[in-house]
Amino acid sequence: MIRNISVEGLEQIPIEKQRIELVERKCLGHPDSLADGIAESISRALSRSYLEECGSVLHHNTDQGEVVAGESLPKFGGGIITRPIYFLISGRATKTFNGVNIPADAIAIEAARDYIKKTLPMLNMERDVIVDCRMGRGSTDLQDVFWSCSGKAPRANDTSFGVGHAPFSEAESIVLGISEFVDRTLRPKHPVIGQDCKIMCLRDGDTINLTLAMAFVDRYCSGIADYIEEKNFLTDQIASVAGKFTSRRVNVAINTADDLDSGSIFLTVSGTSAEMGDDGSVGRGNRANGLITPNRPMSMEATSGKNPINHIGKIYNLLATEIAKDCVARVDGIEEIYVRLLSQIGHPIDQPHIASAQILPKPGFEVSALRPEVEGVVDTWLEKTATITEKVIRGELSTF
Amino acid sequence: MIRNISVEGLEQIPIEKQRIELVERKCLGHPDSLADGIAESISRALSRSYLEECGSVLHHNTDQGEVVAGESLPKFGGGIITRPIYFLISGRATKTFNGVNIPADAIAIEAARDYIKKTLPMLNMERDVIVDCRMGRGSTDLQDVFWSCSGKAPRANDTSFGVGHAPFSEAESIVLGISEFVDRTLRPKHPVIGQDCKIMCLRDGDTINLTLAMAFVDRYCSGIADYIEEKNFLTDQIASVAGKFTSRRVNVAINTADDLDSGSIFLTVSGTSAEMGDDGSVGRGNRANGLITPNRPMSMEATSGKNPINHIGKIYNLLATEIAKDCVARVDGIEEIYVRLLSQIGHPIDQPHIASAQILPKPGFEVSALRPEVEGVVDTWLEKTATITEKVIRGELSTF
Amino acid sequence: MIRNISVEGLEQIPIEKQRIELVERKCLGHPDSLADGIAESISRALSRSYLEECGSVLHHNTDQGEVVAGESLPKFGGGIITRPIYFLISGRATKTFNGVNIPADAIAIEAARDYIKKTLPMLNMERDVIVDCRMGRGSTDLQDVFWSCSGKAPRANDTSFGVGHAPFSEAESIVLGISEFVDRTLRPKHPVIGQDCKIMCLRDGDTINLTLAMAFVDRYCSGIADYIEEKNFLTDQIASVAGKFTSRRVNVAINTADDLDSGSIFLTVSGTSAEMGDDGSVGRGNRANGLITPNRPMSMEATSGKNPINHIGKIYNLLATEIAKDCVARVDGIEEIYVRLLSQIGHPIDQPHIASAQILPKPGFEVSALRPEVEGVVDTWLEKTATITEKVIRGELSTF
Amino acid sequence: MIRNISVEGLEQIPIEKQRIELVERKCLGHPDSLADGIAESISRALSRSYLEECGSVLHHNTDQGEVVAGESLPKFGGGIITRPIYFLISGRATKTFNGVNIPADAIAIEAARDYIKKTLPMLNMERDVIVDCRMGRGSTDLQDVFWSCSGKAPRANDTSFGVGHAPFSEAESIVLGISEFVDRTLRPKHPVIGQDCKIMCLRDGDTINLTLAMAFVDRYCSGIADYIEEKNFLTDQIASVAGKFTSRRVNVAINTADDLDSGSIFLTVSGTSAEMGDDGSVGRGNRANGLITPNRPMSMEATSGKNPINHIGKIYNLLATEIAKDCVARVDGIEEIYVRLLSQIGHPIDQPHIASAQILPKPGFEVSALRPEVEGVVDTWLEKTATITEKVIRGELSTF
């Protein structure tokens, strides 16, 4: 069956030429990201169990859940958490299928605890954390499973859509670059840097203002002088990373709300503000590409935690992003591309109601010339929609 | 102090001329909207109590909370809810200030129960609902209160932004119009129509496809024939409402996932899918203008539940929307206007880091000519930022 | 089948001649009694629903549950509850049987809320109370139901026992008499008297010391003078009631821990100490006869909340008490009687492993002469064990 | 100050000569005992922290808490827990004192998880357990702490009492002996024996009937034949242990409710019935001496979890038991002794309102001759009441 693919030109000011651009990222230890990460780790664990026990990923949606903040008393050298962080697992999952029992609650709790432990190694899992579970029962339609097992594409769970764009702007690249640099390079050597970091980038013309709210870990910080020194060090490092992505002017400001005189600074016991007042929810933070980009089309759907088989809110956001990236990689002449996939409830997910690619061509390129190649890339990806599912389950695609 | 207001022209295809436009609204009884409504009603109740007891709205953020779905067995003539819907109140609120104790938990529970009762009159509040509360303690900076009491604008709680646009497109107007028509005109006479309704509008060129997922209330539905009749009636009514906003072709489809043969239809005991499997969270549904509009710039911030004094994620989204509407109302020649307000943590909220208005002028109009008037409107609204706070507290501004 | 009934003489000092006698009662609003009352009201509501829907009382045990205290700020004229009282319903109940679904959670929540409302009318059910439910699934053995429907006695759920004694001693009668007088006569006219009252009676020879901890309701108490006046009034009233049961010397002390100077008194907003720090659990307070009597044999089983069909911990305690009372009423010459009923798991409950009556005869009476009549009373009651079940379901037998 | 000590003779049939004697023990893995053990471990952990941080044990009562059963699917060779066991910590504890913050919630959670892990090693702490905490704030009276630090005895928190008796009867010794033998000797070699065991002993004249409900651990049991073999082995072992305490006839029956044909047996995944339907509460099981003894005076107070400084319900039960044992050990001629300690709220705990010892002398002994020595023992123990507190904190006195 031929797919309904539309490739159009787009008339608008390229992102780099717009005066104001805003980009934000909530890093792994931010309460909203914690919620996302837990939700997704639960979905992965359930998917793997379903595959093992039943040969097919059964119905579940764990794209809910709440991080209820604790209370803490951080202090230089090491403070205490006085009220544990409370994690509520909700959503629903298939608990029995065809005579097989899947201990979905137990799997969810284990996945959540495991994820928290890995993501927030400073947190004492035996003291400072409550993981509660009120997950409901989902039911899996036998027919869906047979359909899926017979090699056919699953049917869309909803009339919904996903969006993606490429390539990343300078501001977007900087934000992602900083996040990665902090996680992979800086923190391993500087454990004083907490996992909770919010990066806000405002590009105003040719000036890039980076405002970071970074949690510091108290046990690795001996005092206010140490704190200031670390902040200065980080400011330099981050400016340097940003400089690799742009020739624009870069300003970096970390923890601008600090009041050094009163000692009101962003110091934490565990590296996350969830320990002292900041709650988090699934789907409230980064979009599927890891960013919040008000200058770009965005989907409000939470990507994390949804089942990776037929939930449009998950698959189409991931797929649209992959398609956009791949078009830029394979097709010359694309300045910007925006991909929208729209599903129709009950129809096979490899046959979207419409797959729309909007292209801003580079100077000297015509949309009409790019169209066939782009259509080809889109069609190829739709054909292999299932690879998105597989990658998600193997943890190869980040969802937030 | 002069405000940093930027008014620019915008080069892009007007929304009505773009081929694909998507608009969505989750009506009052949708689980995500329930979460929003509860969060906002708690914030309002707290604000009123703080004003009464302390003369100033104290710090709180209740923009969290979770609706954990129940289980139900709807049936024609009236079924039962077998597992209650669980509402978790989280967030934080000032519980003592200057020697005064404010029973924030009690206020929150009362506001939540009251809102649920009013919004879902079919729900038995004594049987089918659990309202739990794990709200933390917030603390209010004395200085902030004095500042605010002295008539100065509060200081921004965060470096963040808000967005708004005007006027509404046809698709947007249709979605809002249907929502209002169902709530105000249809349901009072047709109690079979539940409060949970998701309206998805896909405009594809000059065809407007409306897909509605509408909960029916089982006690008012005698059987499958009755259900079909009501669906047909609703389809006609909604098509007719939509027709008032557009001359484009309108298709209406309600509950397309129904399988009449197997009896799998969208029937509920209480009028919301939260009774049987669909969880909800604050900030996952409609934006501050009541819509989800992937073709427009959107903020990811939850507007509902945040404190209405200095929380940028709330005030600037509401304010940007009001400014955009007012510009269109007062200034001739605006085809589309997009307003972005960007705050700087710790600075007065009436002095945004930048207030940017992007204008797509109507044919025959120049941005330069519109600029002074638009600047004036923006400046006037920023001057009276406090009116947003007041309207929110009085419940005159919807947040979702 | 002949029943194994043993009637023996008892050699011991009659209760009234023992030097020290202790009797205690936790009245209706005491946190432990609240837990008992809620548990029992849930069991009754479930029993009635099961009978209506399935024609037979299905398996359930709700003899668990926890009252987690709130926090309050009582003050003369009316204070506030700052942290709601949290009621956790646990236990288990049959939720589906033979194709019928019984909304056990909803029934439990409604019964609990209804009981709380009735018992603590001062409590604002919309603000100050959280009723949560984590009740598990019980399963009902089809065979048990058929057995029971065929008119046979149900089979004991456990190898366990129940105890009862009669008649009540003076101290016991006084304690019960005061409790009833406060509930039926005093409070209706004096709403300042809270529902939470602990009556401790120590008889030391011929002196009866009554120590009462009585919650006062703040909105009905204008100040410390008023409080003292009420306490004095109550002291007189209670002494007068006690005097009707005894010619011994009676001392009454109310709220002896009060420190009038510092204002530390037993003042409450709602009439129960559960509002400010005192938790409660099922089965931790009064025994089946409404008393705690360390001078008498006691069972540790919670009577409240257990299913009234075959749960020995409930039925045999109630039955033993009824038998003891009836023996005293019908048979002349009994100074004291102690009844013990011992079950054997899986055997019909009207055929206890042993039914033992121990008799302290009045002067001039011989056990051998009393034996036949007592055996007759015991046998008759065992024959009609089912009447205990019926009375419990109809709410005619108090369980705590 | 001279203490009010009363030593009297007791006229009653010695326990060994009474026809019917009932003794019960819920071993460590029984849900009620789990609740007790957790409550006590929390109190110990808090006491140690308070001592370290503040130099004095501060006010707390954690004699509450609930074990809400999970659901499981045991099977030979190893099954799964499908719904985790939920542990609710409630009660209250001092969280701030004199400027010091004690993370009571964190301490409680850690103590609880640690105790569960140690007691139920088969349970997967990362999957099958939810430990939740809703502990309230207690407040510590500064004066109490000073009083206590000055070496004076603390003041009783309540007008209440404790009871104890000695020596243990044959039936009591047997029950305790079996419990210890299973825990120390059998299980280490036979991991198939779960921690949950209820021992019911009915002595009917000279026949001792032992009925045990013993959880078996599925992963160590290969099939029904294995199960039967183990049961037979255990039956022999337990009969043999019992034989060491008595020359009476002993019958042992294990898991009498088993239905081997239908496969309905007491098989568990984790060794406790809390995994599949049996809830537990603090204070519902064994008394302070480890037994439930309806033939003996009992206190209804939960000993576990109460603060060990001034809570009569804890200290006086433990103290009365120690006194009774010590009297029997030191004074010749005591057949049975019953000790009752009655407090008066606000008075020093080493000065009970009355300390009563009731003695059944051995043939040939007169109470009057025993009195001085018994009085001496009682007085000495009251003098060193504080040693009970210390032993409790060090974990040297079992409370259930």
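Read from first to last, the chains carry the letters A, B, C and D; within each, the first residue is number 1.
In this text, a residue touches a chain if its C-beta (ideal position, glycine included) is under 8 Å from a C-beta of that chain, and two chains touch if they have at least 3 such contacts.
These are the chains along with the protein names UniProt gives them: A, B, C, D = Methionine adenosyltransferase.
Computed from a predicted model, the values in this text were never measured in an experiment.
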{"item": "Shared interface partners, meaning chains that touch chain C and chain D", "value": "none"}
{"item": "Rounded Å distance, chain B centre to chain C centre (Cα mean)", "value": "51"}
{"item": "Euclidean distance of C-alpha centroids - chain B vs chain D, Å", "value": "56"}
{"item": "Chain centre separation in whole Å, for chain B relative to chain A (CA means)", "value": "24"}
{"item": "Numbers and ranges of chain A residues touching at least 2 other chains", "value": "83"}
{"item": "Topology of the chain contact graph, where touching chains are joined (line, ring, star, complete, other)", "value": "ring"}
{"item": "Which pairs of chains touch, using the document's own definition", "value": "A-B, A-D, B-C, C-D"}
{"item": "Chain D-facing residues of chain C, complex", "value": "6, 8, 10-13, 19-20, 22, 61, 64-66, 68-71, 83, 86, 88, 90-92, 134, 136-138, 159-161, 163, 200, 202, 204, 211, 256-257, 277, 279-285, 287, 292, 294-295, 297-300, 302, 340, 342, 344-346, 353-354, 356"}
{"item": "In the complex, chain C residues that touch chain B", "value": "73, 80-84, 95, 101, 103-107, 109-110, 113-114, 124, 126-128, 130-133"}
